[in-house]
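What follows is chain A paired twice: with chain B in the first complex and chain C in the second.
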Partner chain A sequence: MALRAQPVKTPAEEAIAASFPAFAARQARWGGAEVAKAREDGIARFRANGLPNRRIEEWHYTDLRSMLREAAAPFEAFSDDLARKAAAGAAPIALEGAARLLFVNGRYVADKPAAGLEVVDLTTAPSLPPVAAQALARDTAYAGNGAVALNRAFTNGGAIVHIAAGAPHVIHLDFREIGSEAFSTFPHVIVDVAEQAQVLIVESHRGSDDIAYQTNALIELKLAAQARVSYVRLNEAGAKSISLATLGLDIADHATFNLFSLNTGAALSRHQIFLHSDGEQSSIDLAGVTLARGKQHADTTLVVEHKAPRCKSREFYRYIVDESATGVFQGKIVVAPDAQKTDGAMKSQTILLSDEAAMNNKPELEIFADDVLCGHGATCGSLDDDQLFYAYSRGLPPAQAQALLLEAFAGEALERVADEGLREQLRDKVCAWLAQRVIQ
Partner chain B sequence: MAAVLETLETVKSVDVDAYKYGFVTDIESDRAPKGLNEDIVRFISAKKNEPSWLTEWRLDAYRRWLTMEEPTWARVDYPKIDYQDLYYYAAPKSMSGPKSLDEVDPELLRTYEKLGIPLREREVLAGVQGARVAVDAVFDSVSVATTFREELAKSGVIFCPISEAVHSHPDLVKKYLGSVVPVTDNYFASLNSAVFSDGSFVYIPPGVRCPMELSTYFRINEQNTGQFERTLIIADKGSYVSYLEGCTAPKRDENQLHAAVVELIAHDDAEIKYSTVQNWYPGDSEGRGGIYNFVTKRGDCRGANSKISWTQVETGSAITWKYPSCILRGDNSRGEFYSIAISNGRQQVDSGTKMLHLGKNTTSRIISKGISAGRSSNTYRGQVFAHRKASGARNFTNCDSLLIGNACGAHTVPYVESRNSSAQFEHEATTSKISEDQLFYCMQRGLSAEEATALIVNGFVRDVLQQLPMEFAVEAQKLIAVSLEGSVG
Partner chain C sequence: MLEIRNLHAEIDGKKILNGLTLSVPAGEVAAIMGPNGSGKSTLSYIVAGRSDYTVTAGEVLLNGEDILKLPPHERAARGLFLAFQYPVEIPGVTTHTFLRTAMNAQRKTRGEEELKTADFIKIMRAAADKLSISQEMLRRPLNVGFSGGEKKRLEVLQMTLLEPRFGILDETDSGLDIDALRVVSDGVNALRSKERGFLVITHYQRLLDYIKPDSVHVMSNGRIIKSGGPDLALELEKHGYRDIVANAA
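Let's turn to the complex of A and B:
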């Protein structure tokens, strides 16, 4: 139906717009001209478009305007006490010898600094060093995205990180949300990886199950030539939370980027990946497992843009959706006219475990070069009866048989994590989720 | 190999930019005043001598259309259409209602002869062996002739222009018109509902297998005229019908609008096979002229075990916006969509299908082959949906795109939405170019680059061509070769 409708501002939209001037004034003491400009741009976009809604194609399946009923105020009351309390919490994952960058309610807290790693806290300096200012002023194709615009308008913390070639091997971006009442956070982290640097970055999100907090993180990663980055993302956000996250990627020639994302947390989660491959012969591998149950809504939206010739990309996502949860996968491979010889393949596969569960799948190809090899596949179904029967006939009870098949299903995506220790920890998390399953 | 040789000969014989059907028939015509308002809607309704309920239905559609906005989500780009700068009704002056063929203006008959559509039954009988096709010929806004009506009537099949069916079978028209594509379905469907002029009406009674292929041939002739045809096909319980549709238009420098609505209804155990060979004028190589083709086609598998199959070969039109869909309402019903969409020059195609699984154990199959050449853009956009109650639903989708040249684009935008755990959906899509290896192999055997390409392309679309009725398949194969002309090398 193409009926003409005037967008009516929802209470949440009005509250967000109304809170901006005072918030920006209070935060004006840091970030300098660049942050101030980003705030103005962001709020202008928000005022023009409102919250992302189903009339905007890329938000068709995740209608924030109707899902975000109340906008929580951006978190501002930082204290050393709060930081200490957050740091004392259990680690989401064990990483040996890792440099840890802790973000508490959006604000960067120096934790375990390491040599070869330069970190500028966005909120300490009244004006930023030139390198950081330049990084902030970068023009990105996704600046118009609704979640990104909100993050830039309300940035309440963040850091600019430079990883040199000889930097530590493992870096942990540890995001934690604690508090006793609802709040929202808008961290902005920029990571520059130098030429030939090799690094494993782990991004984790964890927060209190008791409060309906809202996070909207923006992480921008720039890989210089021949850099090699493995990236593992862990979403274990609180059960009542809304977790929006955007990963912007800019990849130079001969660089390698491998991502694995395990998504189990938040009532409403959306992970956006905007990848821009600018140099020749880069290699990209994105994979993920999403496990959703209850009334969870889990969205992964990715756009892989091939701008240069002879690049390779693989996207491999698996979803297990139970009870009345909803899964969303939107993947788009764009091949520019000059990006000849691009080799792209995307696959998303889903198992629905209940008749109340829903899955929306939208794999897209947008191709302007003729000498390419691109394809995508998407499947959606339930557990295979023959496989179940085989397991039953070997004496496995239904719950165990199903768990076994589901573990194997998720396992194929997990295989893509190169670091064995990390992979096993992720597998344990998948098994723990499966063990909590209630089978009628 | 015979078919391939034929293809190659066709390729050779025609120049680039040669659109075979681009001539204009010089015939005096009766037109409504330019523009669109309630009076024009009433004028069209009065011309057709329609009952008051239909006039009201049109006016209601028109008023709703005024409140709607033109959709912009498709990947097509065209200058804003001035809906007041068009004629909404044009009919050859000599036509003042359905007549016997002897009374039809000989100029019109010559036009159809030139297009290769014989309207005289005697000639059909004499000329083609075995395959007889009943034709409804629609010229601008009116149907000029419908052949084999008496013979069809013997089996109880009703095949006539819809403007006539309104009078002869008002209850059927009233019951089914707008029941698949509601008046407010989309911008172009609403426009069509307000100003639709003619089209075919088909009713197949229970248990009847239609004794011959039915077809409609659409021709736009008049300048600055839009064509808004409406087709309604009803297959009652246990019946079968195969229907073909063809279309052409003269070469003109300005763009012309074509906004049609096709509604299919299949009751229990019925089957409808709908094939289209769309060859509207595509515009010249610089993108001047050509038809804007905004079409809403939808089939409703209303009964259990019913089946609707769409086959389309899209080679014409400057802009194509078309999504033949199936609503799989009846249990065990089946929907099929086979498509070849070819774009060359500056053509823009955004086409695909929707398979909405509502009943139990419903199945659907989508095979789409897109070929882009020149500076064209070709998009597949399709939706597969399983309702909570659609247990046992199955879908298989395969869309392949082939790119020829580096100035064109091929896009795939599928929406796969499942609400039922026992529904099983599979989707696959690929984009590639004609491989060097294949070309090399063919050329090594003595074929030229162009011949080799034609051979490979024919192989690429074979799955779909096989679904076309035989006499159309040969025609379609020629059409494919002509459309791709000038794109190799």
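Let's turn to the complex of A and C:
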């Protein structure tokens, strides 16, 4: 019998496991049997596997075991005062007429209610309404993912949202973390989008730059047939924070899902997307811009599974990595045997602005159908010398020429945001980041 | 106006310019002709300030100032302009944005006020019309997908807007159809004045029928090997470079 080396648990892992029984007991007053079961399931996986680490292939470039040195206790001290304080903070983005769902340190605390939108607070005592309970009990392919398991074990807030066909057009999932000492949050949000509903969902994360808080969000989105969802994600998490987030997507036939993600925040961030396309002729577009500097580590990991024929998917990610930051892009497209005529194209492109900057690219195709059109490409380089010289020769000083080219590079991904007002705000954020660049 | 004295330059240890001397007084147009690979584009890049080349000897003076130590954007702000033989594509930047950025950058470097958007648009439209450049083209990303001739017309549009004191045109005529050649030449001629000088690099005498040069120079192996009046171009057209190059060797 082969001996498998059982790695010694790190102090952080020990602390997380030790904190669970008391935490679960304190939280048992809400959520009912479904939440309790999810917690037991999550902690069992955590006990077996520990924190995600480089021995696990999908975490090879983001070794959470070595990066998460100190466990921070799950946040429990909610108060109306805290919620008021968080709500008073500046909005990360201006969204006219949006229904806002505010999550403070993981807990769903407030909304601007709107017709066609039903929201159930996950912490509703003592048990959940049946529809919400069913949504929570859904089985998913990514339940074994290390971050997801931790979220399920330590869920400290969240909501279940139903978006009907006549719902408001813009919904803002506004996550804010505030406090004076480190804590961790584990919000779980489930969003069901009804048949033919059309909606723009904006998910934003913002938090204090002064504390090393940790967030681990799980958002699960189910699109019914012919639903059309535009999704914009904004990671502006605090400079010292660890920001893990998982987006689980279940997409039915003839549905359209377009995502754009702008990542600038957190010391360590990982955005995982697990997309499962189950119906014919769905259309999927995932795009993003990651801007990283200092010692930031920014990871985007996608798994796009095509299960039904004639679906289309595009993945288009751009990274600008400066100073000694590290970018990670992992994209996997899986085409099941039945998913004939899948049309998939994935591209990731990176500009490295310093010798210490690093990028890890891992595109993968797993194709089990024979009549498909799938491809991927990844490039990684520095700014183009010919383009730079052309701009200089027209009178642009180096800093301005570089900013122009970098804005253009990010801009080509931004073009995918259909809403002009939103796109321009995102562009302003990119320009603000570029303006802070220190050029040696 | 532009004085190049005994210029030697190399790239990756390969010598390309070998003691090139050329003087273009204000108000004049000098034409350079010469075989492929003789170093014409290299000369224009070095004068404009491209950093991959190493100048091992010589000097380049613009209005009496040695510009070799200046970074390219400062040379531009002092009035130097290069129309590229191969204009560079910049995806993601509209032509319109690029033009405005360039005009304002030069103004800023010179300590002048930025152009108001409305004024810029007026100036740009008028200049584009004269060069038969459509507004649609100006909304597209810079040079991306432009035809060879369109790119060359856009170079001349940039030169028109930036109003340089000295313009270098590197094969701006190649790729132009007969009508475009006339339009572009008219554009260049409109800029000719007592204060401005031009260096026109071309392979074809035909361009010089439109843009009448004051002097013609033959370049070979990184040097000027023969200089003369406009007639020299006609002579080259008839007999080619062989005898001249052989005599110089």
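Details
Criterion: the second predicted complex is superposed on the first by the 435 of 440 C-alpha atoms of A that agree within 3 Å, B and C clash if a C-alpha of one lies under 4 Å from a C-alpha of the other, contacts with A are read in each partner's own complex, and residues count from 1 in each chain.
By definition in this document, a contact is a pair of C-beta atoms (placed from the backbone, for glycine too) under 8 Å apart; a residue touches a chain by one contact, two chains touch by 3 or more.
These figures come from a predicted structure and were not determined experimentally.
On the shared subunit chain A, the superposed partners chain B and chain C are arranged side by side without overlap. When both complexes are overlaid on chain A, the residue A:Gly411 reaches chain C alone and has no touch with chain B. By the document's definition of touching, of the two partners only chain C reaches A:Phe389; chain B does not. Once chain A of one complex is fitted onto chain A of the other, the partner contacts of A:Val372 are limited to chain B, with no touch recorded for chain C. With both complexes superposed, B is the one of chain B and chain C in contact with more chain A residues.
Contact with neither chain B nor chain C is seen for A:Gln198 once the two complexes are overlaid on the shared chain.
Of the two partner chains placed by the overlay, neither chain B nor chain C lies in contact with A:Thr140. Of the two partner chains placed by the overlay, only chain B lies in contact with A:Leu352; chain C stays clear of it. Once the two complexes are overlaid on the shared chain, A:Pro337 sits against chain B while remaining clear of chain C. Of the two partner chains, chain B is the only one that A:Glu364 touches; chain C does not reach it. The gap separating chain B from chain C in the superposed three-chain model is 13 Å, by closest C-alpha atoms.
The part of chain A that touches chain C in the complex is made up of residues 385-387, 389-398, 400-401, 404-405, 407-409, 411-412.
Partner chain A is touched in their complex by these residues of chain B: 67-71, 73, 184-187, 388, 391, 401, 403-433. The touching residues of chain A, when paired with chain B in their complex, are 1-4, 57, 337, 340, 350, 352-382. The residues of chain C lying in touch with chain A in their complex are 48-52, 71-73, 75-77, 81-82, 84, 87-93, 98, 101-102, 105-106, 109, 141, 158, 162.
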